[in-house]
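In the two complexes below, chain A is the common chain; its partner is chain B in one and chain C in the other.
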Partner chain A sequence: MRKFFSNLYTSINKEPWSYIVTFGLMLIGSALVYMVPRSLMAFLVLMLAPAALYFLKMNNRIKLFAGLLLAVVILPVLGVRNIFYLEVIFQICVFAALALGLNIVIGLAGLLDLGYVAFYAVGAYTWAFFGSKQMSLLYSVPGAAPANAPFFLENPDWFWFFIFLGIGLAALAGILLGLPVLRLRGDYLAIVTLGFGEVIRVLALNLDKPINITNGPQGITPIQRPNLSPDLLNAIRLVLEPLVGHSVTDAQFYNVFFYFLALIIIIVAVVVARRLEDSRIGRAWTAIREDETAAIAMGIPLVRMKLMAFAAGASFAGAMGVIYAANRTFVSPETFSFLQSIGVLTMVILGGLGSIPGVIVGAAVVVFLNIQVLQTFSLYLSSLRQSDAVIPIINFAWKNLSTQLDPAKYQKLIFGVILVIMMIFRPEGLIPAERRKRELVGEKEE
Partner chain B sequence: MNRQGSVMKQLTSNPIYKFVLFPIGQILAFILGAGITLSVLVILLAYIFRGSVSNLDLVERTLAILPKVLIDGITIGFVYATIALGYTMVYGVLEFINFSHSEIFMVGGVVGVELLRYLETQGSLAGMNQYVVIALAILLGMVISGSLAVTVERVAYRPLRGAPRLVPLISAIGMSFFLQDAVRLILGLTTGEFNVILPKFGTFDDFQVFNFPGLAAPVQIQNKTILLVAVTVVMLVGLNYLVNGTKVGKAIRAVAQDRPTASLMGINVNLIISITFLIGGSLGGAAGVLFALKVTRLDPFVGFFPGLKAFTAAVLGGIGNLTGALLGGIVLGLLESFGASYLGIFTQGAFGAEYKDILAFAILIAILIFRPSGLLGQTVGQKA
Partner chain C sequence: MSLLKTTDVIKRFGGLTAVNKMNFVLEEGQIASIIGPNGAGKTTFFNTLTGIYKPEEGAIEFNGHSLVGLRPDQVAERGIARTFQNIRLFGSMTVIENILVGMHTQLKQRGTDALFRTKAFHKEEAEAEAKARELMDYVGLKNVGNELARNLPYGGQRRIEIARALAANPTLILLDEPTAGMNPNETEEAIKLFRRIRDEKGITVLLIEHDMRVVMNISERISVMDYGEKIAEGTPAQIRSNQRVIEAYLGREAAAAQA
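Up next, the complex of A and B:
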């Protein structure tokens, strides 16, 4: 203990500013969000805190402590005050997990998978089918469901089992897809996976006949959520309500619950990805990525390794799919479109192929851009449209601005621009992977 | 024997035979081969399953719609073939999948339809000769799509030449997404709507009726179908001449075979690659206009599925092989048309035309497993 404090003391003396900046951001950010829950800037200040935590040099235990404080106390409390932020953070977590999974496939093993959401869909539809009333509606037409149909599983706590089943099924789907196509070269693989993604979506859309399995384009709802123990809830309420400043409903508890669940998945995903990266398997993946022929010559079992990459990547998406279905209590084929696959790809490319912190940052940036910045911008434009303001020099009245100019609807444009620009100017991403850094250093020395 | 050989030689070296008769014969052979094989297969299936359906005669129904199915398949097959040529040419030269080609195709269609709409608002559409109008639309579509393809290559692909394989591919995907939404934005800002609907003009929707002895009902073919087939055949023949009969074509083939050596022989590789994109893009643009004539309604996302299927067609025929793309397009078009029409009949409505998009992917996966080099391609090792 004494040693820890002496270490801490020297560390603080060495880099006092990193401590001040990090804790300052945490403090100011939480205070700002607490006081002005609707302000975008306040939320941004708070979001800088984890970034500072990651990038600045500090004592590791202090880092851990600060991270826990942020994730377990500050974010839930502030999130309950403004449930929208909790939703943003939940989505960031979901997509970060997806991006981590895709990162294994693309970043480590170098296999371009353009149908990644198919595995997400496998997980989501697994729980959607078993956790809803769909089992007793197999022979009824979509939309004409009897109101009193029973849930298939009486106890919604099967959810926990289905997380693991979702992992397994998604991994199995990955292997089944991988078996025929993994002998192919990278660009063929991209098209085949894209096709697979579309196949899953078309199946989800059309398997409402002859047997109604997916309920077609209307999607499946309601889907059960796991039980939260009331005693535990009341205990938490005692602590939480004074902190939040108003009473907390069960729905809000569910939001917090899913946030923690997603957080746990992320932590597991990060640990698994890190352990894999420098393991024998990870190095085999890197070898395959860099030069397949040489990798085979070194005795790496090519197909088995590629299948492992596919299965490992898919399993993250499967787990997240189950959680997503329970969180939304609704799944429909539109959630699993090609756009989503490219969205996850954009996160991975933006953050940095093969870089774990990179893809998390990429997920955060893209989600934030999507559901916060673009929306705000759209709202701003529409408020301008309703006002009498005129652009001075060119004498253009905002009123005449076309309603088609709605930034929130142009995700594809933004994803496309990000992909092209990153590929041309910074193919290694915002936060390049460690291995790439090492490679670059090596080149300099030559 | 010797004399006969020299006659054959004379014939094959005759440019009219080499650049007109032979390609058209090839196209005919592909259509007849694929069409007859599939028809026989379907009729056989109908006989086998005849007993399982009680209230209708399966064979009779099969035969009744067969001519229409064949014509539909050939029409869409030509569209696929024309797009597939763009994929396959770029693949031959650069060895990468030009993902944004489906959007080049879409832009061609949208531009063509917008021209027609412009003429309609000017009031001059009805007064003009319909063939002049459609020729103008196709030409404009070709020019715009061709220059767009060249621009895209210059902006998004050329800086990445020599990078790892995945890098230009990802850039191409980005470009494809960008173009979709950019077109939507432009259409939205200028017309307030991003669905473009072809104005009605001329006699393209009318039917030509052909009576064949031995067929119960006369065969009806729409004028626009005939136009589509005629125009694509002319373009395919022209492309064949361009690639196999001119100096530029020789340069393209040289670059495809070995880029460094071609450059040592004094070929301007960058220029040739641009020309390849120009040709592929303008073919795509023309296909877009013809496709618009056929479906009469476009939106900025309409290129996605035809593009993917054309790519499948290119792979089916053997990617990098121009004849292969033609064959692949026709075979795929027919397969899809047969699948969409007969799947519902044979499964009694349990599975219908909505699975036709999956069918193309199933075919793609099957080819890649069993014959990755395609029907006409040679097995080539991976370039290190």
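Up next, the complex of A and C:
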């Protein structure tokens, strides 16, 4: 099996096959998704295209062009045609950014943080509080909000400023968490960060009294979104509507907008992560991960470097939190549960600790499993339950199948299975981290 | 003025006094050794010097400034670099990167320089890399810059550790059993290397060593520790004939029998 795949890989990993395969996948994939928007297989074929783009050898310019074509043209068009895909891709982007941030903390600096989602919550609640009517509801009972309460910020374009504020506040939260706990190592750190994650969630849950800041378990809604210029939208409609084949609503435009925004954050996150990784700071982080005692003996100030790792990792989550709040126009403590932290951790481990392409793939796979594969199975099962079909041989009627057996509820099981399988069979992840190879200046090849 | 001077340094672990009233002086430009039986407190003394342990009592002066209470990274910044008894490399980093980590205190780049890839950043990185290659050459590592440190043979790893310590541009280098586990050839080369470090770079060298050929061959001054105390000090010739040292190493009766 493994041999078959490696042979297949070598045989298509040369010109012109790499081009044919990549563009073929892009073309067939998009055609399939375009024609059968609901098919899981069609979407899978399309998702193979970016994989081929990454793994196959091609001219870098052509790679960049193909990547842009896919990200900027094909995905939005297909996404508008079936808005569900846009949601999938948006979620992949959100979680990829979270995974990239967590990867700095765990993958580079080796600090096991089990409460990472707290920083995401800080970002989300920052915009949720200021971008909603919450400011004028501070003294009203949750759920009894007057209908005519005004938005705190008249101009929703403050959103742009709050992305940066979210980054700053999340980084600050990272430092505040870090200061007392970074003297701890390994397991102890993990436990404290786990506690911190829960503290933030419980705060969000309970800060509805005495002053109603978070609106408690009901969450905050509506949250404003930034303005999109109607003239610009109409101009885009002229091109987009014939491509998509139906009229495009403003809501759909917002989905595309948030997708692009998340995409930009991802690109920035990747650039930031790579540049930090390959610098004095990144080397210090890795050194701390490898051997704290040796690192400190080399003059690396442990606490400062760890705080920087926490702050840098948290800032990605903060930015995504703000975007998430605006995208959903709703935040509630539910979103920031411990399970979410474990989910992001699963993505990082699945993709490869310390590996930037790895964690993005990890995020894509987990999100895809979660909201697409499991949902599809759930739908399929429930349609079987509705029917009169019977399982042959054992003569079991589908409609007697317990409704407890709902694949969409098996998220935790999937996370667990992924973690166990990866740890046993491939602890270095799907795309293992690689150290940068330097030019062999002055080193003769023997 | 001496480079390093400790006065009555005491380090206890619970009821055990690992280092007891250690008075130790090291002149600039010396190659000196600390020897002693296993468990004599040599490595603990090193760890106390470098800030990994805090001494219960006593003073440590380096270059005229006290080191007591400083963190290990601050001690390193003052110009003391070290290697470890059990090699402690950053195993999954490349050899070059290990040496670059050693340069941490020497590099001036900030996070923003790294993020925006300023000219100064590129320049500094290129210089650092060139210096790292020079150091690889200096300790005799060839064509392994991109290898992961953990994949190198034992002798190679010892060399990386020394190169990494040299990268910090130290005034004093502490080597904790640097030739342990080496064959006679490697040991010979290591001795030459230590001499060159002192002669060419002017770095003061302090060794902990068990191999008496190394110690007697290279040291200008030897201090002997036993049960946490300094029991003798002097030139190799003096140490060789010191009765207390012989007793410490061989046991009192054996020493008597030998005499």
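What we mean here is this: the second predicted complex is superposed on the first by the 419 of 446 C-alpha atoms of A that agree within 3 Å, B and C clash if a C-alpha of one lies under 4 Å from a C-alpha of the other, contacts with A are read in each partner's own complex, and residues count from 1 in each chain.
Quick note on the criterion: contacts are C-beta pairs under 8 Å (C-beta built on N, C-alpha and C of every residue); 3 or more make two chains touch, one makes a residue touch a chain.
Treat the numbers as computed from the prediction; the structure is a model and nothing was measured.
Asks: Identify the partner contact of A:Leu302: answer first if only chain B is touched, second if only chain C is, both if each is, neither if none is.
Replies: The second partner, chain C, only.
Asks: A:Phe23 in the overlay: touching chain B, chain C, both, or neither? Say first, second, both or neither.
Replies: neither
Asks: Between chain B (first) and chain C (second), which does A:Phe151 come into contact with in this model arrangement: first, second, both, or neither?
Replies: After superposition on chain A, A:Phe151 lies in contact with neither partner.
Asks: State whether A:Ile281 touches chain B only (first), chain C only (second), both chains, or neither.
Replies: second
Asks: Thinking of the overlay built on chain A, is A:Trp398 touched by chain B (first), by chain C (second), by both, or by neither?
Replies: Neither partner.
Asks: Let me test your reading of the model: by the given contact rule, A:Pro210 touches which partner, first (chain B), second (chain C), both or neither?
Replies: first
Asks: Of the partners chain B and chain C, which touch A:Val272 in the superposed model: first, second, both, neither?
Replies: So A:Val272 only meets chain C here.
Asks: If we overlay the two complexes on their shared chain A, which of chain B and chain C does A:Tyr54 touch? Say first, second, both or neither.
Replies: Touch status of A:Tyr54: no partner.
Asks: More residues of chain A in touch with chain C or with chain B?
Replies: Between chain B and chain C, the winner on chain A residue contacts is B.
Asks: Which chain A residues come up in both lists, the one for chain B and the one for chain C?
Replies: In chain A, residues 291, 293 are touched by chain B and also by chain C.
Asks: Which residues, counting only chain C, touch chain A once they are in their complex?
Replies: 50, 52, 71-73, 76-77, 81-82, 84, 88-94, 96-97, 100-102, 104-105, 107, 109, 111, 113-115, 117, 121, 125, 129-130, 133, 142-143, 145-146, 148, 164, 168
Asks: Which chain A residues qualify as touching chain C in the complex?
Replies: 272, 275-276, 278-284, 286-287, 290-291, 293-302, 308, 435-438, 440-446
Asks: In their complex, what parts of chain B are in touch with chain A?
Replies: Spelled out, the residues of chain B in touch with chain A are 96-97, 155-156, 159-160, 163, 165-171, 173-182, 184-185, 188-189, 192, 194, 304, 308, 311, 315, 350, 354-355, 357-358, 360-361, 364-365, 368-369, 372, 382, 384.
Asks: Which positions of chain A touch chain B when the two form their complex?
Replies: Touch list, chain A to chain B: 106, 110, 112, 114, 180-181, 183-188, 190-192, 194-196, 198-199, 202-203, 205-206, 209-210, 291-293, 338, 342, 345, 349, 402-405, 410-413, 415-420, 423-424, 427.
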